[in-house]
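First the structure, in the form of structure tokens, and then the observations on it.
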Amino acid sequence: MNTTDVMRSIIAILGKDVRSELRTRYAVNALLMFVVVTLSVILFSLAGETVARSVHAGLLWVVMFFAAMSGLARSFVAEEERGTTLTLQLLATPVSVYIGKLLFNTALTLLLNSFIVLLFLLFIPDFTPAQPGLFWTVVLLGGVAVSSATTIIAAIIARANTKGTLFPVLSFPILLPLLMSGISATKIAMEEQAWTSAWADLQLLGSYIVVVVTASILLFEHVWKD
Amino acid sequence: MLTVKVASVAKHFNRRPVFADVSFEVRAGEVFGIVGRNGSGKSTLLKIIAGVLTPSRGSVAYELDGVAVPPELLFRSIGFVAPYLMLFDEFSAAENIRLFAGVRGIPCPDSAASALLERVGLPTDREDPVRAFSSGMKQRLKLAFAILHRPPVLLFDEPISNLDSDGVATVHAIIREQRERGCVIIATNDQSDIAQCDRVQAVSSGA
Amino acid sequence: MWWKLLLFFWIAAFSAIGILTPIAGTLGDVAMMGQMGSAKEIPVKFEIADKSTAAVGADGAAFVMRGIDAQGRSADFAFASNPSDFDAATGYIVQGRYDAAAHRVIVSKVLSTNPGMTFPFIPGLEERAKIILFHVPVSWMTVIAFLVSMWYGIRYLRKKDLEDDAKSAISAGLGLLFCILATTTGSVWAKFNWGSFWNWDPRETSIFVLLLVYGAYFALRSALDIEEKRASLSAVYGILAFVTVPFFIFIMPRILPGLHPGSADDTNSGPVVSSGGMNATMRIVLYSMLLGHIVLYAWLMRLRVSVTRLAMRKADGA
Amino acid sequence: MYEFLEQNSIYVVMTIVLMVWSGVFLYLLRIDGQVRKLESKK
């Protein structure tokens, strides 16, 4: 089994998920509406009040976290519900399936996070990051980190009985390190602080991604096969 | 030449044995039947042979010209048809075929896809998703899924369920052809399937 | 059997030593309190330098003696009255405060005569510093139990032996127990030392996350009804949690500012155990308590494993 | 109560010790119950 073969099946699995999503719009439509609804609740509750920028950073991450919690489990749960888990097991190695799903989830998260940030910029008047470059770096890196951790958890809960409720329960403790450094780096990006003060948080996010993806690749086989 | 060695395989669920100590060997050119009553673990055994389920005890080994096939590459040597195997509902038959080929890394021009669809008796011009197919047509598409990559081992679990007489003839033709390329293991209780087999092994729970 | 008794006496004895050993400062400590302008009296331990010079003070103090503390510094100690056991005494622990003008320690109360072992005086902690002897072993056990749980999880994934899974779950259960104990004891202590039960200090956050992880682990186990599936999925989750949670336990508390010893803004001490606040006596008691707790954990683990094994055998036989 | 505990922090330490010990004791009781249940099922 050479690398090109693996790459080809990863791309085919990713392509399948993307085309399936484009055709059925199961996740994207519901998720975009979810974001709109959540944001409107925030707007109601903020109505006219000015909030500190650091609170904005927290709010942004709350919306991003819950959007991820409601959307990212689908990739594996759908395969399990439609009974296509076995089909994929017979088609490709666990690693290709994992990476294909990881890429799909990452794309979905990045799309979602960009949409959320766009809405925040449009509708919350004092939501103006002082350092747009750092801000987008944190949002995108954070998105990758969220999808890297939730992909394997989605695979785990897809095999359990209470899928929907279990997903946030299992994800939250594992996501907490990344949420904390994500929020702290976003705060720095919102305020006029030096880029370098976010360096520790960015490093933490980066190493988090590496650690979680490596562990997932090693462990996925045990989740994927009975 | 290919050999499938099933050595004293046992499977437990929650410490309750599904079956215990099943051993047999299937050589190239053979059609091997697994029979047993409902709930005797035929499907479980077939999944173990396919490498998607880990046996509680014992082992399944594949040897290609005396060289063991590594378990992680097993999926390339196996074609699998079963009632509980599902296809990608939201795509058409041709798209499904191209998807299978794509994931397996097999080049699949339109002509090859059409040929395969014809081989299993499906119309080549239907664009609607598989969701709309009848169960017999879905069964035919599963056959295409199994033989697409010309695997040396075919694992059939009740291969003629939902099929008309024409479909049954197609299945049996595929089984006969497979003798040239490798072997077939069928889990079935159907007499016409059993008639295709060279040897038959019974499994029963607790045995 | 003998080691269980030994274990009991070991932990009981070191708990008693930990609780009974008095806290006593040095002349440096009492002088520092004086410089900070604190009127608070602290316990000071000293040895009498020269008995013959002890006498009624020239300025009217009832009784003054020269004392040397553990660091070899000396000062005068002014007692309010002539201590009755002076003839038999070689040293005292006294409660007092430093009078900078007269260069002497004004003693208000004699706490003990001829003192033995003492724990160092840490400003702001005093007796509460002793929590380290109970809270730290329990916190360690939380992490060790989790580590053992993961170790058996990995073993299950390799060998697919359900007994390994049972051990993994048992160790996680023990870890949860120790985790709850560490959280509550720490929280009670925090109320009296930092003023509130919970401050979201990084280390408090980390133990909270550990609690969540254990909770999630058991929630996952109860949502899976096929044993083999439960075993492998919970093992995977345990390993995953273990590779991410150390971000919290070992990295985050050290790069973020916080209240616990060893935080980023804590310049005078390293990690808890090697903190400069402890003397040899305290360190010996702490390590003995740690050892005792490890053996206690092993014993509880063994008990539970044999109970589970019995239950399994019974279920198989039935 | 609070002031008393704050001034006599040795009691705070004692409370903590007591909590640790009662936790371990409860766990032992649970195991004991399990063993008894197993024995009675004979």
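So that you can tell them apart, the chains are marked A, B, C and D in the order they are listed, and the count of residues begins at 1 in each.
Here is the rule we go by: a contact is a pair of C-beta atoms (placed from the backbone, for glycine too) under 8 Å apart; a residue touches a chain by one contact, two chains touch by 3 or more.
Predicted model, so just to flag it, every value in this text is computed and none were measured.
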What chain lies closest to the overall centre, CA atoms only? A
Could you put a whole-Å number on the gap between the CA centroids of chain B and chain D? 59
For chain A and chain D, let me know how many angstrom lie between their CA-based centres, rounded off. 43
Express in whole angstrom the distance between the two chain centres, defined as the mean CA positions of chain C and chain D. 18
Compute the distance, rounded to whole Å, between the mean C-alpha positions of chain A and chain B. 37
Quick check on chain A: which residues sit in contact with 2+ other chains? 226
Residues touching two or more other chains, restricted to chain B: which are they? 54
Send over the residues of chain C in touch with two or more other chains. 225, 228
Chain pairs that touch, by label, are A-B, A-C, B-C, C-D
Touching residues of chain D toward chain C in the complex: what are they? 5-6, 8-10, 12-17, 19-20, 23-24, 27-28, 31, 34-35, 38, 41
Contact set on chain C toward chain D in their complex: 15, 19, 126-128, 130-131, 134-135, 138, 174, 177-178, 180-181, 184-185, 188-189, 192, 296, 300, 303-304, 307, 310-311, 314
What residues of chain A sit close enough to touch chain C in their complex? 149, 152-153, 156-157, 159-162, 166, 169-170, 172-174, 176-177, 180, 200, 204, 208, 211-212, 215-216, 219, 222-223, 226
What residues on chain C touch chain A, complex-wise? 157, 205, 209, 212-213, 215-216, 219-220, 223-225, 228-229, 232-233, 235-237, 239-241, 243-245, 247-248, 251-252, 255
The chain A residues in contact with chain B across the complex are 1, 4-5, 8-9, 11-13, 15-16, 19-20, 23-24, 82-84, 86-87, 89-94, 96, 225-226
